[in-house]
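These notes concern the structure reproduced below.
Going in written order, the chains are labelled A, B, C and D, and every chain counts its residues from 1.
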Amino acid sequence: MQLGMIGLGKMGHQLSLNLLDKDHQVVAHDINEDALMAIAKQGADTAASIAELVSKLSKPRTIWIMVSVGDATENVFTALLDHVEPGDRIIDGGNAYYKESISRGERSKEKGIYFFDCGTSGGIEGARNGACTMIGGDQEQFEELRPLFHDLTVENGYLHTGPVGSGHFLKMVHNGIEYGMMQAIAEGFDILDKSPFDYEYEKVANVWNHGSVIRSWLMELTESAFQKDPSLDQIKGIMHSSGEGKWTVETALDYEMAAPVITLALLMRYRSQEQDTFTGKVVAALRNEFGGHAVEKN
Amino acid sequence: MQLGMIGLGKMGHQLSLNLLDKDHQVVAHDINEDALMAIAKQGADTAASIAELVSKLSKPRTIWIMVSVGDATENVFTALLDHVEPGDRIIDGGNAYYKESISRGERSKEKGIYFFDCGTSGGIEGARNGACTMIGGDQEQFEELRPLFHDLTVENGYLHTGPVGSGHFLKMVHNGIEYGMMQAIAEGFDILDKSPFDYEYEKVANVWNHGSVIRSWLMELTESAFQKDPSLDQIKGIMHSSGEGKWTVETALDYEMAAPVITLALLMRYRSQEQDTFTGKVVAALRNEFGGHAVEKN
Amino acid sequence: MQLGMIGLGKMGHQLSLNLLDKDHQVVAHDINEDALMAIAKQGADTAASIAELVSKLSKPRTIWIMVSVGDATENVFTALLDHVEPGDRIIDGGNAYYKESISRGERSKEKGIYFFDCGTSGGIEGARNGACTMIGGDQEQFEELRPLFHDLTVENGYLHTGPVGSGHFLKMVHNGIEYGMMQAIAEGFDILDKSPFDYEYEKVANVWNHGSVIRSWLMELTESAFQKDPSLDQIKGIMHSSGEGKWTVETALDYEMAAPVITLALLMRYRSQEQDTFTGKVVAALRNEFGGHAVEKN
Amino acid sequence: MQLGMIGLGKMGHQLSLNLLDKDHQVVAHDINEDALMAIAKQGADTAASIAELVSKLSKPRTIWIMVSVGDATENVFTALLDHVEPGDRIIDGGNAYYKESISRGERSKEKGIYFFDCGTSGGIEGARNGACTMIGGDQEQFEELRPLFHDLTVENGYLHTGPVGSGHFLKMVHNGIEYGMMQAIAEGFDILDKSPFDYEYEKVANVWNHGSVIRSWLMELTESAFQKDPSLDQIKGIMHSSGEGKWTVETALDYEMAAPVITLALLMRYRSQEQDTFTGKVVAALRNEFGGHAVEKN
């Protein structure tokens, strides 16, 4: 198939290579010229603007947006909507908030455009060699795109999830689960680290990946991380986050349901971003007030 | 009444003063001679040893142990048990683990001694001017001690809670609740601190103490703490703990019940004791592994 | 002073009585005629419509909105804004979301109206006999209203908190703290209930209210609740919530801060609203899958 | 090799079959005669008593205990210790608490017996076809047993973890991680279940197992569970637990470290075991006290 790819960052570049490998024709655009040249060397056609990209594709066009969530996605989508024509398809492969995707689906529909929200998992390696995708959007049109998703993903690695919104929603929840699983694994190794025993963490992760109940790709990555830095001395334990975990928690709150493990996984990330907390100061001050317990001075 | 007081630390000294104020006769012992002299100046009789203290009291004796929880309590109790005689009463006013108090109650009973486990709340100020006590032990003998508890506490500030163990158990749970309440208050002020508004925390605590649902002694202490240091700049947010919170959580676990707020209040204290965590390092390393997300280097 | 009161529910009725007691002149409006008649009997003037209420007040008018949060507040505010005149003051005494209050402040300002967001705490009893209020809005105009807040509240029970929004924000956080404190207290009594001891909860709450660290109005209410129903046999443990706790948690998430105790207090409320959970089913099914552990059938 | 197997429950039976497949010689004992007969049919020799089992093995003997944790393990171990001789090896393949295993290691050492604490993961299927084992105990003797562990486990599925205690400790933490991962997965599906979308959970789990970040054996089991019962209508969400999760949490508490995700995973299991909670009753009663909020009657 022929495909337009807008956004050649970490993910977009690898997805393009993946597609080129499978003999798809890629017309790529990015505002970064180096990124454009890099993908051109690999066999992609390039476009200096969204308008040019659209003009280079035959109808009905299929255009994949792979830019940062938030303003970047909104700006690219809005610009793109001005150039595409009825019957064209836009796939947002980023991690947009599902309510925004639903709204983009409606804006697309008004113009006769088919919008697909595609959650993409598997990291950079997955983008290159076989990702996992969850796609919301028109069922009939999805059948047209099936070969594309088949080639981009590992075997059985794509699913049409329902109407627009359902793809990014599912990816959001996937990431919420990921937060919980990662924190669970990390807490486990923290307990090992404080234990009286002298475990080699790479070997622990390795044996857990062979036959145990908790064998998983995340445990394989854990093994790989400990292989590079056996006690993680070189890095700080500051856990950033990029939004999906927060959305998952907020969504659970909106449903008035308790998802404490996903929630706490998020809260501990936030806690790690603060060196000291005002919460802690208040509790320390109170202990001093009633019990005369010493406080530690700054 | 006449009372032996073993232990003249922060709490024992104030309790002794409180008793002397109410015209009780106090025979005090502490291994610290300065502490002994200080209380002697206030009108207490003193004893250089537990043996001497016991010998100075008329039968049936009433002896209050007010030393640190753990080894100190165990050592004093064991020594004391060698000197007291059938019909004497031992009150442990410290924060012993209730199962140890039950065991001390049994060891006392074998010798014909009445053991009381007395949880004491209200902080140092309460010890001096009127505490709150929860006392487990023999009901009939408790009636003999009632004037003592009446005088030591604020009006209606004492309760016979049942058999030995029930006093310290109740104090343990009291402290568990205290952990939760303190953390809740502290989190609230932390949110205020991050808000776009410019609250004066002392005034906030003050207004909350006048008519609001959360008016409480802890909020009064919060007001007092902010009066001394309006933004708590001078102290670190490291929250130590002295055992009862942990026992409360462990007890809830033994009952297979969910007490998440008390539990999290404890866990956040532990978290505050670590500058950086291995948990955080593992999560940061994993994010780097699958998403190429940057880690912060040490 | 003369005051218009819109909304004669539980809170508005009591606030009106409170104002009448202090010789303020109240013109009241409610769509419920019985409520109108009830307050008329107590000495209030009444108005059948917002327009009539406005017409009955002398300029500059002071009008207190005390209706349900959400649509009711929005509808009353919008209608009222059509009738008031520059220099008039609107006080929203309900629990609106602070961002909506900020927006109402801006809409008021465009018309030359002074808007105050007033968080009101202390429950129904407080509304009647002396509440606690936290008020955001114009400082100078607030001075004009000071006698009103003085009379409505307990001594020192009101605070001008800053610009519009700061009043409801502070009330929101107050309620977040309240959630945490209540859950902490409740978990404590739950542990007592599972203990081997046989505590009388009313007496426990009573002694804790006399000299202990956790003495508080909430503990007084706990005492009162146990006085009416010693083991709470007659009620279900379903914990509803009315929004402020959720807003507090969402606000903390927006600040990327960890407020785990307030958060868990909210999540346990949500958990209590479900008889059985899908989460539980999935875990039970998984345990069966890998360990052959029996599941309980529906 | 020749091996004695004590305990032919779900796990012991499958492990025996697994060993017989690999041409090991198994002498089995269980107090349940049906279990004995069943394994005899598969080619194992049997023993009616521990004494007989010991007498049937050539020295140095290797005996695997695979009975329930707690009293059963203690009783079997104690009986066995009376019959074995210096140089013999005892492997406890159950999930004993690591401190008890350390103690059994010491008791064994006094008699010249080599004790190994072997954590076994992988469920029943793993026991049959290839488990994952983590073994603490004497390094040199472990080399003698290596062929056994090699054959019992999947490739690379065994690890000598250090001294006695380190095997069961590692398995304990493995299970703690498992609790967290399972709860994270389950919360995710619960959010899906409350969403406006209409996901087929088996397909969701399937796609997540192909290329996503959260692909894992637990997700494969999730897929399998939904294949059998698409909406888990037939089972209740009551989550039992068998001890390791609790030990993990208690161990983290002893290290004064925050492991909130593993902890909450455990607490939600406990919560699921109660239909209604006293905690909930207290909070509901308090809301009624101060706000007049309706309670739901029993």
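Definition applied: contacts are C-beta pairs under 8 Å (C-beta built on N, C-alpha and C of every residue); 3 or more make two chains touch, one makes a residue touch a chain.
Everything quoted here is computed from the prediction, not taken from an experiment.
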Same-residue or different-residue interface between chain B and chain D, half as cut-off: same
Repeat of the A-C interface, chosen from A-B, B-D or C-D (over half of contact pairs identical by residue number): B-D
Most distant chain from chain D, judged by the mean position of its C-alpha atoms: C
Whole-Å gap between the CA centroids of chain A and chain B: 48
Averaged-CA centre spacing for the pair chain D and chain B, given as whole angstrom: 39
Distance between the centres, which are taken as Cα means, of chain C and chain B, whole angstrom: 34
Residues of chain C engaged with two or more neighbouring chains: 122-123, 183, 185, 187, 190, 194, 213, 217-218, 257-260, 264, 267-268, 271, 277, 279, 290
In the complex, chain C residues that touch chain A: 213, 246, 249-250, 253, 256-260, 263-264, 266-268, 270-271, 273-274, 277, 279, 290
Residue ranges of chain D touching chain C (in the complex, touch as defined): 10, 122-125, 182-183, 185-187, 189-190, 193-194, 217-218, 221-222, 224-225, 229, 232-240, 242, 260, 264, 268-269, 271-272, 275-293, 295-298
Contacting residues of chain B [partner chain C, same complex]: 121-123, 126, 130-132, 134, 153-159, 161-163, 165-166, 169-170, 173-181, 183-185, 187-188, 190-192, 194-199, 203-204, 206-208, 210-219, 248, 251-252, 255, 257-262, 264-265, 267-268
